[in-house]
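Next up, some structures in structure tokens.
Next come two complexes, and both contain chain A; in the first it sits with chain B, in the second with chain C.
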Partner chain A sequence: MPFKRTPQKFNAAINAMTLGTGDNAVTIGGASVLPLYSFDGDIGNAPKIGVEISDLGLEGECVGMTEFYAGASTPAEMAAKAEKMPGADFVCLRLEGADPNGHNRSVEECVEIAKAVAGAISLPLVIEGCKNNEKDAELFEKIAAALEGKNVLFLSAKEENHKSVGAAVGLAYAQKVGAESSVDINLAKQLNVLLTQLGVKAENIAMNLGSAAAGYGFEYVASTMDRVKAAALGQNDAMLQMPVITPVASEAWSVKEAMVDEADFPEWGPQEDRGVRMEIATAAACLACGSDAVILKHPRSVATISAMVAALK
Partner chain B sequence: MSALTDLIYGGANAVAGLTEGAVNDAIAKYGEQKEVAFPDTAYFLPTIYAATGVKVTKLGDLPACVGVLKSLISGKEDLGEALNAGLATAVGAEIIEALKYVESADPYAGDSGIGFVPDPIIRSLGVPLVTGDIPGVAVMLGKADDAALVSEIIKGYQTRGILTFLVGDIIEQAIENGVKMGLDFRVVPLGHDVTSVTHVVTVAIRAALIFGAVTPGDLPTLLAYTKERVPAFVNAFGALDAVTVSAGAGAIALGFPVIVDSDLGDIQVPGALESVTDLTKTVAHSLELRNIKIKIREIPIPVAFASAFEGEIIRRGDMHVQFNSTRKPTCELVVMKDAADIEDHKITIIGSDVDTVTAPADMSLGVLIEVCGEKMQVDFEPVIERKLHYWYNYMEGVMHTGQRNLINVRISKEAFEKGLRLKDFGEVIWCEIMDEFASVVDKCQVTLITDEAKVVELRDSVAMPRYDERDARLAGLTDESVDTFYTCILCQSFAPSHCCVVTPERLGLCGAVSWLDAKATKELTPTGPCQPIPKEGCTDERLGKYTAVDEAVSQATQGAVSSVTLYSILEDPMTSCGCFECICGIIPEANGVVIVNREYKGMTPTGMTFGELASMTGGGVQTPGFMGHGRHFISSKKFISAEGGIERIVWMPKELKDSVGDKLNKTAKELFGADNFIDMIGDETVATDSETLLAFLTEKNHPALGMDPIM
Partner chain C sequence: MALKGLDIFKITPKTNCKDCGNPTCMAFAMKVAQGAIALDKCPHLSDEVKAQLSEATAPPMKTIKLGVGAEEHTLGGETVLARHEKTFVSKNLFAFTVGDAMSDEANEAAFASTVVDYERIGERMYVELINVKFGGDSARYLELVKRAAGLGRTLILSVSDAAVAKEALELTKGTRPLLNGASAANAAEMAALAKEYAALLGVSAANLDELYDTVAEIEKTGFKDLVLDVSSASAGEAFADAVQIRRAALKNNDRTFGYPSLVDVGAIAPGDEDMQCALAALFTVKYGSIVVMEKMSYASALPLYGLRQNIFTDPQKPMRVEPGIYPLNGADENSVCAITVDFALTYFVVSGEMERSGVPVNLLISDAGGYSVLTAWAAGKFSASSIAKFINEEVAPKVKSRTLILPGKVAVLQGEVAEKLPDWKVVVGTREAIELVKFLKEM
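And now, the complex of A and B:
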């Protein structure tokens, strides 16, 4: 019996969201078929890659990173190099240093760093917080005000701080809101409902559905993303049609395989190679499951994933 | 009513005349091309822009606005029309204030008020307003007879985090009485002319444009936004002239109630224009009128309060006092009351406090918690009451067990030494109810009684009848008696394609979510896991098949499950997550079903253990012949009623038989007249294989054997 190909068509699409302004703006989302099913129909905008830099600089980074960023001593200088990284579509500034349980960098200081970074690049900017709900809420409000008009995406509003982040980022300063939930379709949907009830427009929301490094419970991520895409496209669920953006670097580089020293596990090979592989494997899996953008940090990972996207789109 | 509308129209006409004159004078002086603008705003003259979409930029634009303003003053004997005239006053005030900025770049330089509030301040205020950190906005205008009292009102708002705007001589009255002012103190003086009230009106209006994304010119949406989303109200003091009343009408049109300190008698409009002549009541009444709830930050008690203390055991030797039902009368009761009967945050102690006894002591305790709220329902009383156990236990040095009239509460010596008294119990209960149940409870008062006779009275004449009523209500709740079922998808993180359908007679399979719980969950977390299903489209009564249920389940499982029945184990049985208390499985050779509870570790006559049965039943799949359910469902008349109901039950573990026996016997008696039906059901002491079980059932003449083949 000859193989008969039946394209899976949907009368729904993932929202397209534009980040940044002008010629260098990038748009994510827009697919009306399952992730990367270009043989079925319109995959919208090809997945995009963000390059992550931290306000803490290159502390503890591997050689590939320090070599790439050689000569850059401030986040702004790093950002300028990051946007030149082959394959980069946008830059993501992660304000790890703001964590009250860590460096506890002040909001004012973070605003200055964010302004300097925004001034140093022409690609769109994504701001990632320090994962402390209260501090992030304060931080995002002030940075959203300082970067008004730049169309910046903030990661993320969570259930605990969605009101402050949504009101400041999404309403007062008309930036883009990332909605972060922890690998659960219902929580993801609930947060989107809450944000839209607050007045944030659905088209200004991107979802961070949560992630895990490949091998660390990724099957939950895969099943959640599958179900989100199935509901968004198959059931035309407007509260799940937001594009998905997944910060991969922080997950992939914090697991044992990426961290332990070669001296302790000589049979595992060089640490840097392992980290890159974790990052690539995780990012590829996320894209296959439905991420419309991933955030990476190592130049080799960015190059590899960018080649993969180019080949598949 | 005519006295009120006359005042409003009089004031509106006066302002209209003033406005027209001022506009004409300004044009004569500066020409039509002269720019007119408030400082630092992108919204032109915000009231005019928001209401009409017109962008006023020069004096020449204003005469048309005056025309619109006049058209709003119909003079008709109708309150709605009169409120429109109030809006005209707001527009007029805005124009008059804008002209001040034509005369001078900083017309408020010599005033103690700040005048126009620029956009960046509104953006920064918007966030705390949205999050409730600023729970409300008070506009206070006029001059009070008693400066000290009115200053207390301002401080009252201040301590509650409310943002207060002052207009008129009240500013000086507040300053004299030491009220700290400025944005940081959340008290903002605007100006002395009554027209400067426009500067707070434009704050509300720009909030709607910025945070509500209201399209300029869309007046109905604008008014709906200010009414529903901007929690503002007005307090007016001193003699009321027509202009003030008409400005007040404008506030009412925006949805902001006005409270005045003079007695307006029958021209009051409940909910919109009310008199509060006793200034010590102004704060509470204003907050109540606007339904403003204050976020509680920290519970003011002398011991720590956290879930970490939940498991703390207080031994007899360490305790200062106990309230133990077996020794002294006790009870706990939450009741719903009318709003008028409750004074919020009132904590009353009747009888002596715990510092009158020496350790180890026994005391009586009756706790009466009265709540009210627009969305409160009698059905939520027990839901709140059950939380008391946790809140007591969260207090360091306090232990609580039991509920209703059977409790034991202990206070440790250490907690007593730190100063813990009965009043603190009241504080904890009040704070937690107002926090956790904020969406249903508007006001709450707590009475703690230790006087033994009065506790007995509360227990026997109030509490016990109430408990009985609730039990009767629960017993009388049937699937037929309600018009709504609920979904529960709390477990979908583990079983993505599972959805419980919770009905009065079929509680969630985990046993923890009854229909009442689901209903309360929906009110408390409207976007949460329990969503209502209208009981509509019954296509098969025997199976319990409803099109509305199928739609809800299909939606909730993203299409994974398209149809479930409520009462059948064979045809589209309900899915299971994995948290079921019990599993029911058919045993064809006995023409019935066995039920096994999670705690039972042994073999069942189906040839499978609980674990083995669970692996086929859980995970959100539909396995005809097997389903998970809660213990309470077993004695329900709806239990697999499509296949013949409880008559089909042929085997249960002993412990389960003991726990559901009485209720099951009762249902059996009612349904098919059997006495001691439980004795006909096998258990592990009788059989763990089907042949021995069959012999037992034959000997007992179990009704299942005579029924139609189960499959």
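And now, the complex of A and C:
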């Protein structure tokens, strides 16, 4: 007696969202089955991988990173190399230096960096802010204006600054809005509702549902994604059908296991390997739970995760 | 799908005789449906009805024990496909691989996986299983089995040659290993061996249909301590099989696939530890009961065991760390104290940032029921009295410093805590952990 297969199909789908323009545009989302369940039906666009670079350059980065970016001294030069990284689908510029409690780089300076980066690459661009709500709102408005027509995704609009970010990024300059909530399906939905009430079209919103490194409360990420996908597909909830994009690198590389020196923990082995594996394991887990795109930084992680995605589609 | 109370009620004698300790047959039926009482508590059911019912009320996925004594592990028994629906109950186990077809060097490298052994939030993290793979040289194979058996872990005997399997089982008698070597070709013979030696039996096949038939074939012999090996040359196929097997059992109540699974990611991506780590994470999240790798290093173990601990946490019970004094960055009795709750995530984030600051701090973890700062505060489990009691009883006798940093989120407690701890200087810390580095450096 053959095994009776019962594919789990839904009469709903995750929105497909295109980033960038022309031949090098990239589309994320579109699945009408649970994440990576290509054996059930149409997974839409296989998950995509963004390569993160920071406006702060390679400060404190490990050898694999400095070697890969050897010769690149500006963010634009790094971006040009990043888009050639095997497995890269888009480039993500993280404007860490804008943080008022850190380097406090001016908005004008950040706009120049973003313009230079956009000019140096042909793959789509994602802009990540500095996590300061007011500064991000200012930054995003100016960068969205400067890069009008490039179809850039901005990470992120949060509950606190969604009005200004939504209005500038989503409405005035017709770019893509990342909606960031912290591992809670209701908060995620509420933010999407608020953004759409503002006039931002649902299909121009991507969700960052919150991320955590493996071992650091990942159960909340997993369950939030499980529930969001179940509601989006099973209940056809249009306010949760946005594709999910998850910044993994920043979380994975900032936990103890990825950071401490081998000298302090000799039995743990080389720091670089630990960082790479933390990034890889976290990314693989995110994809299993429902990320439609992940943002990574180490060449080994990008190569491995893109190979895994290729093997699963 | 579990039977409903009404279905069970229909086949009770409906006499309300109370012999089962319940006021009515209906009450009895409801309890059976909930799994709160066993069917045989009613002495008036015919054997035929009992057999029919116990089949229907049995859980959709078998719970199977692997190993013995301190090394006994539980596989299977899952009832939901997503952890938020209830909880996952049996964490996946990891294995490393040695074999007679591998070089001495490769075997030594694999055996070195045993150095990974540490504790994380009360759980021992180590490679629980050793996969000993047969490649044709039986003398060398049995030597490896002997050596692996002496390492205090449970073995997977990956061998499909019945004669060699018997010798390996003889060497591991009484340890309840997993004999992973049954297929359509040798199912009966292997099942007999597994039964004789009280081992679990791993079953593999070219595809799901063949696997289904083979399992059904083995079940007919009455032997049901099975593990379904979904290893395949392709990651995509292995994933598809693992998901479909688990879903068939839990969602469609197809008990032929109601068994734990095994996936050898080492065989899918030989020599590529990065890819093995990625796949191990994938199968930890989705439905791999045993994940076999070529070897385990700390670099892979740290994220994988952390991930597993997260995924298999009961959503009803937050993960907690032991209350107490945690000296960070070489803190001693004169270093400042900072207090927070015993919610594991809070502990990890706070201690991580404190370590990043390099400033010696005594991190005080108080018993707050495993809740986060604000939740614990709202529930009265992290209050001025509970903090003062903890400081006076547990901290003051051991620490000379009299500076206490409170989490910024409970700044409102400052006055009351200061009142209750008159010889302490009570400082309000930061609202977010991320601001701690700056705060501590400037203190």
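The definition used in the following text is that the second predicted complex is superposed on the first by the 311 of 313 C-alpha atoms of A that agree within 3 Å, B and C clash if a C-alpha of one lies under 4 Å from a C-alpha of the other, contacts with A are read in each partner's own complex, and residues count from 1 in each chain.
One rule holds in what follows: contacts are C-beta pairs under 8 Å (C-beta built on N, C-alpha and C of every residue); 3 or more make two chains touch, one makes a residue touch a chain.
Given the structure is predicted, the values throughout are model-derived calculations rather than measurements.
Q: Just to be sure I read the superposition right, which of the two partners does A:227 touch: chain B = first, chain C = second, or both, or neither?
A: In the superposition, A:227 touches chain B and chain C alike.
Q: Based on the superposed arrangement, let me know which partner A:305 touches: chain B (first), chain C (second), both, or neither?
A: The second partner, chain C, only.
Q: Contacts for A:84 in the overlay, against chain B (first) and chain C (second): which applies, first, second, both or neither?
A: neither
Q: In the overlay, answer first, second, both or neither for which of chain B and chain C A:172 touches.
A: Touch status of A:172: first partner only.
Q: Touching A:9, do we find chain B (first), chain C (second), both, or neither?
A: Neither: A:9 stays clear of chain B and chain C.
Q: Looking at chain A, does chain C or chain B touch more of its residues?
A: Ranking chain B and chain C by residues of chain A touched puts C first.
Q: For A:194, select first, second, both or neither according to whether it touches chain B, chain C, the two together, or no partner.
A: After superposing on A, A:194 lies in contact with chain B but is clear of chain C.
Q: Please report the chain A residues shared by its interface with chain B and its interface with chain C.
A: Looking at chain A, the two contact sets intersect at 223, 227, 230.
Q: Using the touch definition up top, name the residues of chain B that touch chain A in the complex.
A: Residue list for chain B touching chain A: 120, 123-124, 126-127, 129-132, 210-213, 489, 492-493, 496, 527-529, 555, 558-559.
Q: Where on chain A does chain C make contact in their complex?
A: Spelled out, the residues of chain A in touch with chain C are 1-6, 8, 36-39, 101, 213-219, 222-223, 226-227, 230, 252, 254-257, 259-260, 267-270, 273-274, 276-278, 280-285, 287-289, 300-301, 303-305, 307-308, 311-313.
Q: Considering only the defined contacts, which chain A positions touch chain B in the complex?
A: Chain A residues touching chain B: 141, 145, 163-164, 166-168, 171-173, 183-187, 190, 193-194, 197-199, 201, 223, 227, 230-231, 234-235, 237.
Q: Enumerate the contact residues on chain C facing chain A in the complex.
A: 82-84, 115, 120, 208-209, 211-213, 216, 234-236, 239-240, 243-244, 247-248, 251-252, 254, 256-257, 272, 274-275, 277-282, 284-286, 297-300, 302-307, 309-311, 313, 315, 345, 348-349, 351-352, 355-356, 435, 438
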